[in-house]
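You will see subunit A twice below: alongside subunit B first, and alongside subunit C after that.
Moving on to the complex of A and B:
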């Protein structure tokens, strides 16, 4: 499954004061982990998951994993 | 669920049984599909279907004595369907080329058929198709026997020759003018003696099931077994003999599983309650014209059961019926590796039991699905998201924040304990207070109060562990109060206590109110018609149905019953936690129920009330009639959201403690809580996403304390996330000039961000 989001987002890390950058991030559910492209603060690691991603592809992936 | 139990349940559903027409037909012509095709004007499909069962459809259609007809359900509403006439119409109307008949590879066994009537020819046809070498011996100069006498005008000799030509086409050998001796055909491996009505000679005793005689390899049947000639019974004879001969030649049991052959009694139930009478169209002398046939076929009721599917939106929504659902459920539970496609099916049922009430066999899909959930829990296969929200809500209702158990003021035990249930406290907390005061008046003050949840959500979710915990905690408190009699306002609580704690004495609030003659604060000014929605958990409580109706009538309202009420009432969609597993179907369930009548609804479960109100139905709770001055505006009171429901419970506990014990609950967190505002449109989104104000508060608190948050430099808004339990919540918010926050949006996911932090 692909969960990658190529979104350019306006978000900056508040703590580090720098814009987020594209990075590979691991997300996991019920024992399965996947790398996804997300925007992330290269200094502290805080990430951004857009609403659209959470409510569509991530929700679908959750359902598939729950039914496995 | 053991395989055995499942099979028993699966067998209960009779939707798959043949309708009366097909069951009674000696060769089981699929009449229902036939009339279906004809009604759509598809005569070719109809003829093709007939050929599946009948070797010579034009002949049978012309002369069938239709034993099926007298069994047709239509006989009760305008007269049986003219089944043979329809078969004839399609045989003469359909414009289909002669069928290609598949003959299996040749077997080195020869069968002799002695007698070229319908029975002999059917056996010849069936056995040849199976690959046997078949020879028909006929004493006369042509095949067909009696059919030439009973055929009538349309069944001309040419027509008969045309139909019988198929025999030659598939390679049946025919010896006309040949009187064969059935006892002396040494070149054949098996013999079928089918002498026809005129044959008359007696052979040996014949087994009525297999048509075997005492003589090895000799089978006998046909019209000689009967007093009157019946074309379709002759066909059935030939078919039965062919099955026996095939088995005999293959050396397998002649007798095994033959109960399904021949005329049978149908076990299908078809509700004739709403069928309007209709009579057959007049028939032209030569039989139905195309138009007449279509019209007649349209009178067929397409008999089937589906009693449960007709009343249950959930069963309908999954597109099939219980027999299939039970099979799917079983398969789902048996999967070791792979996708469990029926999880949604299992978790969407409201467990309301209506199906069992309407099913002619009493099949309760609710208990099937409830068992299935427990098995899934046992297998650790229950999707974690399925009931999570509802179970957390239950735990909250039983947490210190909102649960309470106090004796009658000034005592340490009580004779009665009022248990309003977690949803009444969530929906109308002030009615809990007023009812409690009223009960103390009624019973000379000796009434305690217990706020909390009975454990129904755990029961619905199949979580026996959580249910036991709730009931154990309850029992401890209940004993501490001196084991008082419970006064229950919620029928779901009643059901749980009766089922799991039968030793606890309970009485319904409504019975108490009925007996005490409680009077409403305001009587209806003019006639106010109410349709009563009985909650599904009160389905089997006839006494309660009565109490409620007596109260409503005494209060001065006019009752108009819904078509499905009392024992046959429907679920509001909260039962079984349908709401959390399948919000779409749940909404449809509500929608269907609220359209049943334009009158205001009256119910005695606060969840039913709130859910109907949530979709715009004017609906009252029985306590509204008792306590509200302006009943009319109460009926359009909005359904409080999930957060509001929690808040109502918390505030109820506080007020009661303050009022009755003087105790003031302190809440340190409260003082330092960051204030935030949620606009109505955002709140609606949060409700739909099951995101609570409390979740939002925690995300913001975390973000503001640690500084871990995202900012949008252009708009100045903030986005933060925080994992609470198994769910990660995202909240987007902005600060307001007053130092508070305003919530712009929130969403959540269950997937975990593993690589979030890097130093």
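Moving on to the complex of A and C:
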């Protein structure tokens, strides 16, 4: 998965103050889990989901899993 | 049909670790567990693709597995043949697997009769494929008409949807995976060749 929109500017964790790093993250929905490359804080583990991803691919994947 | 282009085929292959269909090895293993194959039983993967399931059957189930596929591939150590005309003697096999292939064929009944020819009496046919959930009786009837008794029939549409969701997350066209009909599902079936 590309992180085009997220890569335009460096993102930092507001709580830890360190740059987010690209990491393989498990996204779970309705009992199914998928490995996705996202930006994550290596200290606290918080994950950044770009708006573009949430509104397009992720929304489409949710729709498929919901059987709609 | 899970893919319609060479590029789509490559993406699907990479995403599924070469197995290129919903459910991965777990569906194959589940079907094998419901069969009573003899030690070193002879099984054929009809439409073996990359041959990854053939290797799995050999290494994890101790079966004498081989594969055929209509597609040519120089690096693939399996025979090129049509499922309508298998290069196998009549009654020579303990099992035939045909995973995510039957729905692509113009004449599924002809393929099922050919599977029946190469199977020994009480041999097992393992199928997993796309189907119309509103018309599952059609496939069951076809199996029975071709001389098979169904011993396992399970719906695994969730596995199909998970593959579609993974394709969507990767930004790939998943419409070929899920077709356009809401009733498209995925089944796993095990059938035994009847005595006569």
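Methods note: the second predicted complex is superposed on the first by the 58 of 68 C-alpha atoms of A that agree within 3 Å, B and C clash if a C-alpha of one lies under 4 Å from a C-alpha of the other, contacts with A are read in each partner's own complex, and residues count from 1 in each chain.
Here, contacts are C-beta pairs under 8 Å (C-beta built on N, C-alpha and C of every residue); 3 or more make two chains touch, one makes a residue touch a chain.
Owing to the predicted nature of the structure, the values given are computational and were not obtained by experimental measurement.
Chemist: Which holds for A:48: it touches subunit B only (first), subunit C only (second), both, or neither?
Modeler: first
Chemist: In the overlaid three-chain picture, which partner chain does A:61 touch, first (subunit B) or second (subunit C), both, or neither?
Modeler: A:61: touches subunit B and subunit C.
Chemist: Scan A:11 for contacts with subunit B and subunit C and give back first, second, both or neither.
Modeler: After superposition on chain A, A:11 lies in contact with subunit B alone.
Chemist: Please determine whether it is subunit B or subunit C that touches the greater number of subunit A residues.
Modeler: The partner making contact with more of subunit A's residues is B.
Chemist: Applying the document's definition of touch, where does A:20 land relative to subunit B and subunit C: first, second, both, or neither?
Modeler: A:20 sits against subunit B, while subunit C stays out of touch.
Chemist: Under the contact definition given at the top, report the residues of subunit A touching subunit B in one complex and subunit C in the other.
Modeler: 27, 29, 58, 61-62, 64, 67
Chemist: What does subunit B use to touch subunit A in their complex?
Modeler: Residues 338-341, 343, 383-386, 707-715, 718-719, 721, 730, 745, 747-759 of subunit B touch subunit A in their complex.
Chemist: Looking at the complex, which residues from subunit C come into contact with subunit A?
Modeler: Spelled out, the residues of subunit C in touch with subunit A are 157-158, 161-162, 164-166, 168-171, 174, 178, 182.
Chemist: Which subunit A residues qualify as touching subunit C in the complex?
Modeler: My answer: residues 1-2, 27, 29, 32, 34, 36, 57-58, 60-62, 64-65, 67.
Chemist: For a test of understanding, state which residues of subunit A touch subunit B in their complex under the given definition.
Modeler: Listed in rising order, the residues are 10-15, 20, 25-30, 33, 43-49, 51, 54-55, 58-59, 61-64, 66-68.
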